[in-house]
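One chain, chain A, appears in both complexes that follow, with chain B as partner in the first and chain C in the second.
And then the complex of A and B:
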């Protein structure tokens, strides 16, 4: 597996709260990785660290093998970043934003950026302040893509956008990923949005990595078991319970299945990615996927 | 990066250019307007100090005196503006609007971003300040010699004026980086600038070098030329020991009494004092120290400005 981003033991404390704590993960290159977690889970801190805007208080982070704070010029040239709330200079025109990109980035592709915005019908002489939220998001994306990044980081890119603008944004993103094969890390707290475009998932919870894995595998590995009311200990097989809910007569358990089948008493249901994610987020201490999922050969 | 600096700050640049142009225009037309009267005063007052000299001085005062105070105040206030409008928002506004995240993740390091911004805006501001300092100098020398002391105009001209402007700019940048919000940073510039300027002007400047004390010279007391007088003259005996005011007044009365109230222009009061064993001592900074004091004051503010810019750079880097 070729690695876009590698973090080991990352820590960052704000006053007395840990934004990230002993956070280790590897994000494969050439994939679209979704970064999910509740607000305050450390998603923004992690992404900012990846582009050198925040320095880790503990641990190490590298992007394509370089340290974002140690070798900023190397990392900044190869990493595109769309920050939370997609800030742009509001008094600039769209053309000014592209000029900014052209003047500040060595590998800037002006023609592609202009063409991208032209396809979306966003005129270069329009003021940023006069654009809709969706159009501003598109300009932010064009700015991040114009530098021809090998890794694109998007921090909650869809927040405050209407459904149509969300779809357009995701379409633009998927198109460019398909055409240029860059790596993307996309954070969100809305799982349904990620499921459509991402093929890899990182669940961050309370500043720690809870789950890492390919989405297909994650979905295949988890099942919902429904059966007579029972304790988790007697499921049988070697499944790990992520979340258990009990009614008077029934128990429903979202489990990560093991090598051995579960007891015959259980009805086994497939689950959606969202159910898996919610189960983990609801039980921060419950489970952490073991290393083999992320240590895929390749 | 130079392009971005221009694009982001062209409004402030335009505003500064307009302010400087207005000041230069006002000062320029005043300087031209005072010339005939100034010529007249020089002529009338050079030979004998008589009525025509006094009348010309009064005419000057009544026609141009009203500009003196406002212009002086304007030159005192002008150096605050660059810190207020250019320095304070430079980093603070980026933080406020989150655009630091955007611009610092482009393909240049933030160290370079800050360096170019400070170099471009700092030097442009210094050039503008230089033009204002020349205008201030022109004005302060366009007043009649006997109402003009170079020390009065210390704050409104010369290299120290440029240094004040750079200090204000740097104070704004540092306050913006430390506080992270534009309006509080502006308030910090206002307070910080006034406090530092006042403290240096009132307490440090009089003591850049130990003042000199010597006898007021010349017939009567025609002063120490363009020296900076400090406090009132001190009556003393010939060894320099302070004597009482009563005793000194008695001596003066004794000297003047025989004249019956008419003091001839060539009367040597000083000689009479000496005969009675007293003299009048004045503490002052000599005229020839003026350029040195300008240099010291300039150095203080330039060094402070560099230190503040260093602090801002450190704060920006530490945000990583």
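And then the complex of A and C:
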């Protein structure tokens, strides 16, 4: 598996709060990875570390094998980053923005950027301030893609977009991935949208990595068990309980199944990605991961 | 040409939904041997879904022998897939089913109850089959 981003034991503290703590993960290349977690989970900190805007206080991060702060030119030539507020100069025209991208990026592809915006009916002579939120998001995406990145980082790209603009943004994204095979990491808390678009998932919670894996595998590995009321989480087999809820007569457990089947008195139901994500977010102590292992630098 | 659709609330993984739609279309005669499927990029654009998901579905269909991929040309329904049910046979099975549904209604079963009974019968049949094998 070739790796787009690798983090080992990352830590960053703001005053007395850990933004990231002992954060280790590996994001495969050629995939669209969803980065989910509640506000303050460390998603933005992780993305900003990947482009060298924040230096880790502990641990290491590398992008295609290079350090964003040690070898910034090598990393930045290959990475496109769209921050959460999608900064664009509001008094510029769309054409001015592309001109800016062209002057700042050696690998700039003007023809592709112009064609992309033409397909979306966004004229080059229009002022940024006069575009809708969805169109501004598309211009930000075109700007980030114009430099022909191998890795695209999108921080909450769907925030403040209406459902149609979200769908159009995601369509533009998957089309470019299908055509060019770049790697994408996007943070979001709209899990329903992620399920269509992402094939890999990272759950960050309280600055730590809770879950990393292929979405299809994660969904297949988790089941909802319903059975007679239990006070303790004893389910037989070697399943791990992520979340347990009880009514007067019944217990429901969202579990990660093990190698052995669970007891016969449990009804087993499939779960959606959203149910898996919510179960983990609601139970920060649960994790699919073994304790992090420090790797020796190659 | 088969147009895919997705049911976001079904909880069935996207690639399995695509696989099932192709299977169903060959069974009910919507797709025939030699018909071309949409290219992966066309499916990605139509549904705004992950390209790897489409490739995964097509790979699974190919491993089941239902489709063959011809590099540069596209993905096609394979020759020799089971023919769709003949209309006469389908009508005959439907008549049996319709009368079963009427009896079930008289017995007080609703749609859910009937589906549950059918699933139970199929599960038990599958279990017996597994013992024989």
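Structural remarks
Keep in mind that, in the parts below, the second predicted complex is superposed on the first by the 285 of 298 C-alpha atoms of A that agree within 3 Å, B and C clash if a C-alpha of one lies under 4 Å from a C-alpha of the other, contacts with A are read in each partner's own complex, and residues count from 1 in each chain.
Following the convention adopted for this analysis, a residue touches a chain if its C-beta (ideal position, glycine included) is under 8 Å from a C-beta of that chain, and two chains touch if they have at least 3 such contacts.
Owing to the predicted nature of the structure, the values given are computational and were not obtained by experimental measurement.
Put chain B and chain C next to each other and count what each touches on chain A; the higher total goes to B.
By the document's definition of touching, neither partner reaches A:265: not chain B, not chain C. Looking at the shared chain after the overlay, A:216 reaches chain C, while chain B stays out of its contact range. Using the contact criterion defined above for the overlaid structures, shared-chain residue A:179 touches chain C, although it does not reach chain B. Of the two partner chains placed by superposition, only chain B is touched by A:54; chain C is not.
When the shared chain is aligned, chain C comes close enough to touch A:167, but chain B does not. When both complexes are overlaid on chain A, the residue A:32 reaches chain C alone and has no touch with chain B. In the superposition on chain A, contact of A:105 is made with chain B only, not with chain C.
Overlap of the chain B and chain C interfaces on chain A comprises no residues. Against chain A, the residues of chain C that register as touching in their complex are 6, 8, 11-15, 40-41, 44-45, 47-53, 56. Residue ranges on chain A touching chain B, taken from their complex, read 48, 51-55, 69, 72-73, 76-77, 79-81, 83-85, 87-90, 92, 96, 99-101, 103-108, 140, 143, 147.
Those residues of chain A lying in contact with chain C across their complex are 30-32, 167, 170-171, 174-175, 177-179, 192, 195-199, 216, 219-220, 270-272. On the side of chain B, the complex with chain A involves touching residues 1, 3-4, 7-8, 97-110, 319-320.
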